[in-house]
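I have placed the structure first, in the form of structure tokens, so that the comments after it can refer back to it.
The chains carry the letters A, B, C and D, assigned in the order they are written, with residues numbered from 1 in each.
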């Protein structure tokens, strides 16, 4: 079966996020009232699998996220054959 | 003469000068493409560069390559394993060293010369230094901000300092924890560092302070 | 395409070209690919001397450094694409020039990035600036080629636009030179690298037309996504392939895509080619033959190799996980034939693609009309201290550290002199280094294109001399508005004459170059902007920098200061657009540059800096700020030609001048070496002090000066 | 009023996407059957505004995306005062 997973990888709460800070500041400089801006990593993966949950969980743990600094979440939807 | 493998991943770009520097330090060295084998080598250097263009995270994809299993074996046998810049990122991503290298506090690539304080001399790569010695070399990275939630299994080898060896916030170019620039494992045979000692091994290039990293490594491998 | 061109084609072909043929001809005849309105004039430039191995004509110039070392150099602009998409435009500009160097068989070892923008007060300009720099950084750093210098200039005339030039040098053994043309038939054409997509289609024609207001929406096709990962693999694979000696010809795919690369490769020495276009790996579905043939997708190279060597060479490509395909072959008949799924879709005499007739635009005489802005103006009276602070804090003067810290200027382990000094120096062997620098002065060129062009050349040479390097070769990049405007075309011709005369005076040659026309936004021309990059050779022991070395050293000016403030930074910060551009006296330039080299060789001077933008005041300040040491000078001692006000002495941008610092005991020897030489003060303390006789004109601590000098991040809102 | 916007910025279809390609290949090498992988940019912005739709649309056009090569989409949810 084919699936599509949307995966979000975030920095652990409490770690500061320099990239988000800089983009947030740039938007403030353009005049917007930014209270917070985050830039999590985001992946859209189309894949074939017998066991999509397990596969996506593994992809995150083995490659897409670094457990030392990241948490992750995902949604999986079936795409049919 | 001990022979070192300088591993080349797709996108590695400090391999040639690293080979030359090892030779200058009295060792033999060869570039080894990441699909080749590491048998017959007395040590390994993971040089700097942009393996896989730093896509995803610096070092993340290389760390999952098969050759890293061989590197782990070598490390277990006590042979010297040195990771420089991208090589350091690979070592942490491969869990050969704890922690992670996050984007710099100013999230941009930063190339400049910095001062380092040598914090420990009992490693395979620092025996030619004096403890507390202040040395100069360049950094060149976008993700060099070292972070770990537990430093109990680590030896801090190099710290960013000012000219006088003071470990202060102002001397920290990337926001790393405790100004860490390089760490080794407990055994001292695996070391990762963000600064580039191979770029500070020729008097014309600004300093020869880095050469002793390689001299130490060659001496250690001979033992 | 013009009607008379269409007629010419009809006559030559004896029939109407079909759609595919027409598209290919159009691409090859575009201004960008054919140089049709500049070629005639470019011929004026000197292209030969004892160092030149290969002058203009192939992808890059080749010069001799020593018996074992050949240097390859080229320069390229990526102005339009960068104005539309600064990150990708600038990055792919780097990629393009790097492949030009690579395809001569050389390893790219350094980049320079002369870049120009509108004023930073406007958000759009800031955005263009930040992303151009990021694009260059991300690409250059990832392919492991150090960016060792460049220029960064801001000018009102570029509001909303950007000029992104990139120069690259490469190094190889003399035996490794590979040409871009074949000299035998039967060779296979192997396309290596990225898949071909629709990006860049009409890119060449795009670069030959003015940027219209809603270019962003229209010109999507001209923008490409940079892929430094593939480029780095291409570099290593290509060099490994070249080392086998079995690569018979090599070309990168740039403007005009496969059509341009393959027709030039085959046609140059009279051969032809058959291309099987459907074999080209395609990134997008349903591409047609025309799209495949003219796509400008990046990171692709075309190799010509013998059939028996195919396996050996393609193994190398496979090692680097690069996709490769045999897309065609070289034939004896000078024809250009394209097949698409077994059907012949194009069949042209190959010289219809490769030899484009020259068309002369209207040439007019310079009229003392509205364009003639060169008229004398009085320098307003302002307090020198105030003027100094204004000029020092100008975005054109302040340190560009914010830029070059983002570039890996150390990779490959050759960078002896790093960015921030007069010229970069790369270590070539244990004895010698290669100096590399670029200069452009559009504010002079606008006032006087002839002298402005000469000023680029002589400033580059002064920069080389300041670090102790003897000039070897030049490359030029000519950024102009539409040549269809008479005044633009005139300024272009004047520029070429200036480039010619200046180079001739030093017996130097232009080994490569680039022309970029149609740089206009909303119907407004940019200033004539020639940019010159120069290469020099320096003994490592002789390398000198602008940094003051010791307190007590004397400071002297070499050269004469005239009242020449037209186009100066002082006038710019005061909003004065008129004036007379500094005049270039080639004899003086030569004497003084040679004198400086001799003084360095004899170990008589400790610090050298040329005087350029911002005049004596800024040159001295830079020497102090780089070193941390102050000075005290009396500017009434500066050799002048006529009577000048102190302000004019401080900020005049007269050419042919240097500042040196040295030990007292060398004074007499130095005096003998220069016609115009005067001690004006000494290295002293931690303050910059300018006096005129007993009047204190300017006084500011080095520390305070450095704060202003380092204010670029602040201007960017950081 | 405070809002939270989730903004996704994608490369136009058909453009070269080396990052997605390289990461997709890395997952394939780990044994997963990846058909397609994309790495759109993803921003989570908390901001104050009178006119959140207009502001987010503008932020995208002025800074977060370049309409020449990107498409973008967003969701906005109110967060209260």
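What we mean here is this: a contact is a pair of C-beta atoms (placed from the backbone, for glycine too) under 8 Å apart; a residue touches a chain by one contact, two chains touch by 3 or more.
Everything numeric here is computed off the predicted structure, so don't read it as measured data.
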Report task. Please identify each chain that touches chain C as well as chain D. Result -> A, B
Report summary line: Between A-C and A-B, more contacting C-beta pairs sit at A-B
Query - Computed distance of Cα centres, chain C from chain A, in Å - result: 41
Query raised in the report: What is the distance, in whole Å, between the centres of chain A and chain D, each centre taken as the mean of its C-alpha atoms?
Result: 11
Query raised in the report: How many angstrom lie between the CA centroids of chain A and chain B, rounded to a whole number?
Result: 29
Query raised in the report: In whole angstrom, how far does the Cα centroid of chain B sit from the Cα centroid of chain D?
Result: 35
Query raised in the report: Among the residues of chain D, which are close enough to touch at least two other chains?
Result: 18, 22-23, 26, 30, 62-63
**Report entry** Numbers and ranges of chain B residues touching at least 2 other chains
**Finding:** 52-53, 55-56, 61, 64
Query raised in the report: For chain C, what residues touch not just one other chain but two or more?
Result: 123, 228-229
Query raised in the report: Looking only at which chains touch which, which shape fits best: line, ring, star, complete or other?
Result: complete
Report summary line: Listed in rising order, the residues of chain D that touch chain C in the complex are 11-12, 14-18, 22, 62-63, 66-69
Report task. Over in the complex, which chain C residues touch chain D? Could you list them? Result -> 84-85, 87-88, 123, 127, 194-195, 197-199, 216-217, 219-220, 223-225, 227-230, 283-284, 297-298
Query raised in the report: In their complex, what parts of chain A are in touch with chain D?
Result: 2, 8, 23-24, 26-27, 30, 32-49, 55, 59, 62-64
Query raised in the report: Tell me, which parts of chain B touch chain A in their complex?
Result: 56-57, 60-61, 64, 92-93, 98-100, 102-107, 145, 147-149, 175
Query - Residues of chain C that touch chain B when the two form their complex - result: 134, 137-138, 141-144, 228-229, 232-233, 319-321, 404-416, 418, 427, 433, 540
